[in-house]
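So that you can tell them apart, the chains are marked A, B and C in the order they are listed, and the count of residues begins at 1 in each.
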Amino acid sequence: MADDTFGRGKFPCLLILFQGLLLILFVVFVDYSKDVLPDAQNTLKINTDFPVFQDIHVLLLVGFGLLMTFLKKYGFSGLGYNFLICAVVMEWATLMQGFFEMENNKIQLDIDSMIKGDLAAVTILVSFGAVLGKTSSLQLLLMSFIEVIFYTINRTICTTYLQAVDPGGAVLVHAFGAYFGLTVARVLYNKNSVAHEKEASRYTSDLFATLGTIFLWVYWPSFNSILVQGVLRHRAVVNTYYAMAASCVTVFAFSSLVTKASKLSMVHIQNATLAGGVAVGTIASMIIHPWGAILLGMVGGIISTIGYKYIQPWLIRTLHIHDTCGVNSLHGMPGILAAIASIVSSGLAGFGQYKTSLYTVFPARSPVINSTQYLELVQFVPDARAGLGRTATEQAGYQCAALVMTLAVSSMGGLITGFIVKQSFFDPMTEDRMYDDLHYWEVCFYHFSIF
Amino acid sequence: MADDTFGRGKFPCLLILFQGLLLILFVVFVDYSKDVLPDAQNTLKINTDFPVFQDIHVLLLVGFGLLMTFLKKYGFSGLGYNFLICAVVMEWATLMQGFFEMENNKIQLDIDSMIKGDLAAVTILVSFGAVLGKTSSLQLLLMSFIEVIFYTINRTICTTYLQAVDPGGAVLVHAFGAYFGLTVARVLYNKNSVAHEKEASRYTSDLFATLGTIFLWVYWPSFNSILVQGVLRHRAVVNTYYAMAASCVTVFAFSSLVTKASKLSMVHIQNATLAGGVAVGTIASMIIHPWGAILLGMVGGIISTIGYKYIQPWLIRTLHIHDTCGVNSLHGMPGILAAIASIVSSGLAGFGQYKTSLYTVFPARSPVINSTQYLELVQFVPDARAGLGRTATEQAGYQCAALVMTLAVSSMGGLITGFIVKQSFFDPMTEDRMYDDLHYWEVCFYHFSIF
Amino acid sequence: MADDTFGRGKFPCLLILFQGLLLILFVVFVDYSKDVLPDAQNTLKINTDFPVFQDIHVLLLVGFGLLMTFLKKYGFSGLGYNFLICAVVMEWATLMQGFFEMENNKIQLDIDSMIKGDLAAVTILVSFGAVLGKTSSLQLLLMSFIEVIFYTINRTICTTYLQAVDPGGAVLVHAFGAYFGLTVARVLYNKNSVAHEKEASRYTSDLFATLGTIFLWVYWPSFNSILVQGVLRHRAVVNTYYAMAASCVTVFAFSSLVTKASKLSMVHIQNATLAGGVAVGTIASMIIHPWGAILLGMVGGIISTIGYKYIQPWLIRTLHIHDTCGVNSLHGMPGILAAIASIVSSGLAGFGQYKTSLYTVFPARSPVINSTQYLELVQFVPDARAGLGRTATEQAGYQCAALVMTLAVSSMGGLITGFIVKQSFFDPMTEDRMYDDLHYWEVCFYHFSIF
């Protein structure tokens, strides 16, 4: 018991050390970008992007936070750890991603850094879903720390080197987070954590979680369009809106089809309804026509519902992957679907349809040009940049490569992370403490004691 | 029992068939508008309208959704069916309204379609409130399907042919939804559904519902201003803000006045506080002066509180209209008040006060002009269009006509719909299943079963 | 009992009288500003400021509202009175502040009035937190009425006469509200209200309150940046984002450090995590570098956690100040910290770093100029105004003066208010009614009774 108290003192001490380290790193490496300083050139960005950013900020903290409260005795932890992970990752991912993009030896902060910080946080929250209720706060902290590193490396490879496109992060965020989390869950597998008596919801916790779902669903168009601008944002918003609608309708139907007595299952409604947003994420800004968005939303919803009903139990029985929130069904498989859709859609994308926006949607398809050609081109395409001159098929290949890379890096990263956090130093959880706030939170206390 | 299971299998089957039909209709009839395609002219719309759209999207899904959870055992259904209705209507109303506005044989999708889809969804949600807890999911689905058709027809008549103005949809959305729902409720009247033991709230369900109210209240300025731009939006926002404030204060006072022991009644706080937003809806963008907005907010709040206290029980006793959420008091009567206010306000509107904005606020009052006159006019009013040259009095008359039309179409539509959904094929509810999630949702389940 | 009923009838009667008075005052003194009328010059303001306004509107109504629901039996009152106070103050503060800024004998309404109304409401909500559960609705109403007057006077002195800057309102809103509320609480002190058996949370009420915290946390960047534009807004957003993150992480660590068995305390997570937003409020738009924001966030979080753990109980024991929500720890001390930071930061601010934005951030530092000089200057600084030609040190002094003034006015105002509301006419609460909805709300009622 004395040991236990000592052991648990590790969490606050390491956390405050980490925050201190972050402060030092910010002092040394970070400053404002020129858009946040006097004489900024781009003064409109804050007006056009901040409202959309705030939407995804709510999506993260409120949407994911509430979704994590579905367990009957684990609401404080679900909402609270979600909060902590967001805050930690917002700072840490700013640094990690900044290291790859320094100018004048400084990481340049502006609203783009905040957007990147939030997207990284989503990734870690997805992984958190896979291990919800089965890890100590120390394990979660360490997992967040390591995952951000892998996430940043993978994101940099896929976007900077492979030049794959993924505005809604279906692959780089959702699939990455899902398969990272699943591998961690595999390593931490404990058969007593499965069908645990506390791994259940109650009426009120299900209401809170469904409210979280609805916040996620409502703000998903902002999520899928935050990284693009103008017409591309408009298209991403429209595609996502209709994909979400189709996904929701389809999941209500399939949930009723596969559930006893044709009832609706709260698990499906809380989760699978969102799969359409993931499924359309990678191609949200492409010209897929509204029916393409609806079709993807439907397929995403079906896959996800089937995932919850049949594949999730199968993963436990067969592969010993116990995925508490079912992130494979909500983020993993729909993310792969999104990647496949992007391979098809990129392979079909031509100048006839996209006109000069082809080079905005797929920067790597911009022609390889010399400076004379550039001066000519820039007359027609103001933001033209010399590209790699890729063909549609090549771009499709790179989209495929990004998927493979993401699956490899996330599984490998999750495996390594799992083995590290499993060490007894990081307080792995015993079964009697799982899915229960009691051991980590002051529950039902008097507001304060004064004597 | 076998029959029952078969009967309930109808819901998912019809729902998936409907979603399949929607997909086919989208393939055949729907494409992007040119603002979502390369070479879009209007690239600013997404920046100015998307944040306001997201506000009303939250209002719909979160605000209405939570408001519907006030019943102690019907929270899953309230929140869940609200979600499903939104998604179904978003797709279906896009088609229905699009059919009236096709260009090049295609319905043109952009953010305006999303706004229209959401406004249609609000209408159906209002009607849903009148029958909450007393209809099967199949009946709800059918009601949504039919109501969208009537709503679209009425909207088209009132705005395109009558050229009545109603930026906040107090008549076309709220009053329409209310009287459609009330008529359906009348046809489905079952005396055992009244004062049913489960038609009650509990502490937590009332908290959820009040939270919904607050989301509705907060985002109402966006709702009343989404259809107008620039200065008109500014005015609509200011008017709505002060009307909402006055409505809230007035309802707290009147609730305490009419409630036993001067207590506050949660029903009033949850509902009547919003009446000011409806009451000011039709004239939100008119020059009614801030005190006009406050006066309307007060009158709306009083009418609505009295409605909940006295008229709602009277409707049940006398007309056998059992209106679960009291939509007559929240949406119906304040909507009629808004129409009356718009008749007065339109009748007083003159060029002296509105200057050239007269033709933006009331397009039908634009002069009938020939092309030479147009070229002159357009120098002063850049977006001038040839109008109908209506006088103030004529416009007032058409505002009145729109109210009458709306009341007629909604009651007629509700009557027809009521008789259709009452058929046994659509699984009318028996009393033992009313106001209870148990029969339609997996309640308090273990998260999943694996063996 | 008859007396009691009569006594309680005072609340609705006075409230409706007050709303009537507001209506008359609006008729006489209030009209639209020219930006809400035809021929408005500034048509962009609604597009750039309205989304940010809606964020703070949610922060007020939803964030504060839910935070006030943490008491197990006082959720209706927490959420409901928060709602009422907002609405009352929105109208009343519009008038009070308008009286100081009339043009052509009219108060000019536009979105700026709404922003000012909301900021005033936050101030009163902070004070409400100090007396939560211990005042009658009549006392609350009167407190709101009086506090708005003191708030407006203090704000006018500090910004117009002292020309101190405080974009996030850490001093003028948070510190003012806190010390006003604390003084009121001191005057109303009743030893039986302390450690009252109902002054406790329960599982669900803590979830609701934490959700409120998260809404506050998410929208705080909007709150700190609503009063500034362009680059200044961008900087305020970035600074606040990182300060909030650092604050959250630090509080999780310190909460675990100071709580028994290294558990996390819900009180700290619900409140102290927000202190970083207050601490950075006054200097949010200054060039403090990202590490400055993080440092302030950390210090704010530490001070606040220590405040909840040690200072709040000490205040009760020693000074008999019973502060229900701990507003001294969340708003008071972090507000003072913000003021100190602003003294330092203003004292260091120079033209080299701020360039011409120096005069936007600190208007009083603009040079004293004659009209010829003005014509020259305006070529480089389009919105140049003749200022007071203050030095950095002088500005620092005025920042200090604003803090002292705020502490003086708020304490004095609170003292006076406390003695007034303590009078028996305003229904002071007896212990048996404290922290309990039962006596003021219809609780767990049937939805309505018809016979």
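The working rule: a residue touches a chain if its C-beta (ideal position, glycine included) is under 8 Å from a C-beta of that chain, and two chains touch if they have at least 3 such contacts.
Here's who's who by UniProt: A, B, C = Ammonia transporter.
Worth saying up front: this structure is predicted, and the values here are computed from it rather than measured.
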Requested in this report: Quote the value, from 0 to 180 degrees and to the nearest 5, of the angle by which the CA atoms of chain B must be rotated to coincide with those of chain C.
Outcome: 120
Query raised in the report: Looking at where chain A touches chain C, is over half of the residue numbers used by both copies, so same, or under half, so different?
Result: different
Query raised in the report: How big is the gap, in whole Å, between where the Cα atoms of chain A centre and where those of chain C centre?
Result: 34
Requested in this report: Check each residue of chain A and list the ones that touch at least two other chains.
Outcome: 47, 51, 204
Report summary line: The answer for chain A against chain C in the complex is residues 5, 8-9, 11-13, 15-16, 18-19, 22-23, 26-27, 30-32, 35-40, 43, 45-47, 50-51, 54, 57-58, 61-62, 65-66, 69, 75-76, 79-80, 83-84, 86-88, 90-91, 94, 109-111, 113-114, 117, 137, 204, 208, 439-451
Query - Residues of chain C touching chain A in the complex - result: 47-48, 51-52, 55, 70-71, 194-195, 199-204, 206-207, 210-211, 214-215, 217-219, 221-222, 230-231, 233-235, 237-238, 241-242, 244-250, 252-257, 259-267, 269, 273, 287, 289-291, 294-295, 298, 308, 312-313, 316-317, 324, 326, 354-357
